[in-house]
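Following are the structures in question.
You will see subunit A twice below: alongside subunit B first, and alongside subunit C after that.
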Partner chain A sequence: MAAIDQAPAPPALRILRSTLWAGARLVSIALLLTAWELVARSGIVTPFQLPALSAVLERIWNDAASGDLAINTSVTLYRAMVGFFIAAVGGVVLGMAMSRSAAARWFFDPIISVGFPMPKIAFLPVVILWLGVFDISKITMIVFDAIFPVVAATVIAIQGVERELIWSARNMGAGQRELLWQIVLPAALPTIMTGLQVALPLSLIVAVVTEMLMGGYGLGGAMMTASRFANSTGVFAGIVEIAVVGYALVKAMALIRRRLLIWHQESQNFPSP
Partner chain B sequence: MASAAQIIIDRVNHLYRPPRGREVLALDQVSLEVANREFVALLGPSGCGKSTLLYLIGGFLPVETGAILIDGEKVAGPGPDRGIVFQHFALFPWKTVRGNILYGLERQGMPKEEREKRAMDFIELVGLHGFEDSYPSQLSGGMKQRTAIARTLAFGPDILLMDEPFGALDAQTRALMQSELLRIWQRTPKTVIFVTHDVQEAVYLADRVAVMSARPGRIKTIVDTKFDKNDPDILKAKAFVEKVDEIWHLVREEAIKAQGKRA
Partner chain C sequence: MKQSLLRYLPLLLLAAIWELVARLELVSSTALPPLSDVIAAWIDMIKDGELTSNGASSLYRAGAGLALSVIVGTALGIGMAWWKPVNVLLAPMVEIFYPLPKSALIPVTVIWLGFGDGSKILLIFLGCMLPVTVGAFNGARSSEQVLVWSARSMGANRLRMLWDVVLPSAMPELLNGIRTALALSFILLVSSELIVAQKGFGYLIGFLGANGTYDAMYAVVFTVAFLGFAADRVYQMFVQRMLLWRQ
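== the complex of A and B ==
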């Protein structure tokens, strides 16, 4: 298969081809947006039910001009990212502890097994009672949700490190501490990154949901405010904004992954042997 | 024991304990002596415990009964006096060829300039010049194993433990790597214990071939296989072919026994 794909193409042609492919991937989104605009203008639905895309974009533009968009986006991103980083660090540390200590595994394994599939949002009322309705309770909810995939990925990643890799390092004189930092963690990194890539959009989702439920600033809060004032353009503007922010976050994370895992099979252009 | 043996394996038993199910006797009263700079092949059917024996010598698995002595000292764990090369290379995929080779030298605390030079010397020795900044995922199987051999030789072990090192390579690369290994071995003489299930490979490379029995692994016979390694036509020589045939029959019996036990 590889032999057929790898017919050498001149660089200009290759760039053109990859640009076209990148463009082609956006066709479905463009079609969806066009359909939205056409349906909204056709009169089948009222502007209250479905405001036109152009009206929504205008609203976003006005929000951006007034500074509301920047405030709401940064508030939501702040909560999502703080929660994500705590979940990332805490999750990796907890996962490492579970991999290395039988006691930690004995204690946390059942908690992870029960907690992972559970809808953590059920704890929201409790968290509100304990911590109030401000940043701290929202971030707590984000950490609570996002830490599970990180712990699970870290445990699986460390279990999957080849015995021969550890033995080679010990053969070359690596002690326990060096094994952990220089061998086990780098070897586990691809799978840990996968866990982080699950945790990141989860952090944004929980940030928006908690904002919707608790109110206040943020993209989710702004949407609920717009909804309360029956401002459907504002609601749809929020949906578009969240979609763009989420997409940007996921793309940034994928970029970081490629940078960190430059050595990994997936980053090479040619097929594995 | 006044012999000049560098490695003494004295009545070693090994129990393999699977996570589930009953324990299995993998090695049964294995004794073997290997002289300094000798090349010994461990040959036997799969599952006979030859790799296990190698891991015990390497100190990666604990010796529970019997003893393994290196230069008179009991093996109590891995050490840089014994370097291992694995079938699946076990390279650090996040390090380049150079980085892999440097790792052991860094652990030894060798000064930067010296270790850089030493790494390049060994890259040169295994014929990987120009690939020092490649990652393992960019290399072919043969090049990966060259890197692994260079990495192990670079930290200067007296004893080289090789666990089916060419088992994952295609036939042509394998033949090439065998003569390369001999060339390197002649330039940097070391004691080598080489695990394989390829009879011709064992006879070609080794001074002595230890044929192991089917599980539980015992040393069944030790056959002298000293041939002129520099003779380009050695593989076709009558004495060589007869030796391969002789050993092949010994191994075949054991392979059949192993099959029978499994069935």
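== the complex of A and C ==
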């Protein structure tokens, strides 16, 4: 909105201005962290309600030094990523099957459209009942949650591929396999990526919840243990650790998207937000 | 009617297979009680009020949290699109907290507000606010410059413009963000109630599971799943009516 008030500025001035705004953004984060430390030390809240940032950082440092942090992070990441990859591959395959075969569409379409908006997490006790409390049930739960956005996005993406592209490729003698790999999948990729970008944070959410409920190793399990012992520094350390992991995953996914879609209009029209 | 029956035939098929597999004892009946037993358990729980009283407290939590998140989230998102200083202050925080797996907040809200309604409402509010904020921000930011200019040239002041031009053009993306928030609110509700609660759907599921009354547990699980699905469908109908003016 504010952009319309500004006359177009010369390049040097524009760079200066954007650096200033970027600096202001860092200040905002610094303000948040300082406010945390100050409020925690001021005595308005008890250390149980809000441990000081410095105490939380110290705790994270200790976790890192003892190796717990590395174990918990890798266990959580392992579960989330395995679940995510199974959901990604399975979702794309299922989505493609649904757009190619009428029988597959007839069978799966109502299941997807009913299952997508359901809170799948409610099925967790059922999955525990069937598969126990170990990795397999956690990963199953992640796949179960993350696959729906991928399937839905793939179906929409393939429907949206321009007919002309397919016709002309066929006209030039492309076989079914070439058509799929060289025309349909690349053209559908942006929308499929959007589905994957929904599925990835979902995988992490479900990984953390299942760990909280079943205990054991993992960032969510560690947080729950800290919470049981009323160790609020541990709980807040867990939040910071999980936030960092989530941020890194989402950023990495955005980077992969930009890399994969470098040929696509979206990368050319919007250099960077 | 006949068409929708044909459309949802696969679901009926699955239900029939479930009943058959359970009745023939192909899997142990504790792991998968027959569908008819589950339905009977559901009717019993409706009759003695167990399901309705727990459901009412769950829906109250989800509704209150979601309503708060929609109000605050919309205000923040439009503020961020409309005033640069607000944007500079809030955008980095949104960027940091948006990818945070919201379930990580469950123990923190318990530390702050205890085991009752308050902690669940706070959790749902915090968890659902950011999708709404981002939706409102993207929508308001992309409102057409031509509309803004013409409104201004016709002498609309800033507040008037916010209400008459920016908010309506932000509507589609805002409503989409709220849909994400709606789905998220059910996830957060059930997971927080499964972990710590004294009433509610999640509590009931955990309690029945621990007791080994699996047919009743299945009944509650499917009730929650159905409510989530129904809420989404009703919301979509509402959105269609809201956006009628856009053709």
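Just so it is clear, the second predicted complex is superposed on the first by the 240 of 273 C-alpha atoms of A that agree within 3 Å, B and C clash if a C-alpha of one lies under 4 Å from a C-alpha of the other, contacts with A are read in each partner's own complex, and residues count from 1 in each chain.
Everything that follows uses one rule, which is that a contact is a pair of C-beta atoms (placed from the backbone, for glycine too) under 8 Å apart; a residue touches a chain by one contact, two chains touch by 3 or more.
All of these numbers come straight from a predicted model, not from anything done at the bench.
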> Sharing subunit A, do subunit B and subunit C clash or fit in the superposition?
Replying inline: fit
>> After superposing on the shared chain, does subunit C or subunit B touch more subunit A residues?
In response: C
>> If we overlay the two complexes on their shared chain A, which of subunit B and subunit C does A:174 touch? Say first, second, both or neither.
In response: first
> Now for A:134: first (subunit B), second (subunit C), both, or neither, which partner does it touch?
Replying inline: neither
>> Output check: A:107 vs subunit B and subunit C. Expected answer is one of first, second, both, neither. What do you get?
In response: second
> At the CA centre of subunit A, how far apart in angle are the CA centres of subunit B and subunit C, to the nearest 10 degrees?
Replying inline: 100
> When the two structures are overlaid on chain A, which partner does A:209 contact: first (subunit B), second (subunit C), both, or neither?
Replying inline: second
> How far apart, in Å, are the nearest Cα atoms of subunit B and subunit C after the overlay?
Replying inline: 15
>> Please output the residues of subunit C touching subunit A within their complex, sorted ascending.
In response: 7-11, 14, 30-31, 81-84, 88-93, 96-108, 110-112, 140-141, 145, 148-149, 166, 183, 186-187, 189-191, 194-195, 201-202, 205-206, 209, 214, 217-218, 220-221, 224-226, 228-229, 231-233
> Touching subunit C in the complex: which residues of subunit A?
Replying inline: 1-2, 4, 21, 24-26, 28-29, 31-32, 48-49, 106-111, 114, 117-126, 128-130, 201, 204-209, 212-213, 219-220, 223-224, 226-227, 232, 235-236, 238-239, 242-243, 246-247, 249-251
> For the complex, which residues does subunit A have touching subunit B?
Replying inline: 162, 164-165, 167-174, 178, 182-183, 186-187, 189, 262-265, 267-268, 272-273
> Which residues of subunit B touch subunit A in the complex?
Replying inline: 55, 58, 60, 77-80, 82-84, 86, 88, 90, 92-96, 103-104, 107-108, 135-138, 140-141, 151-152, 155
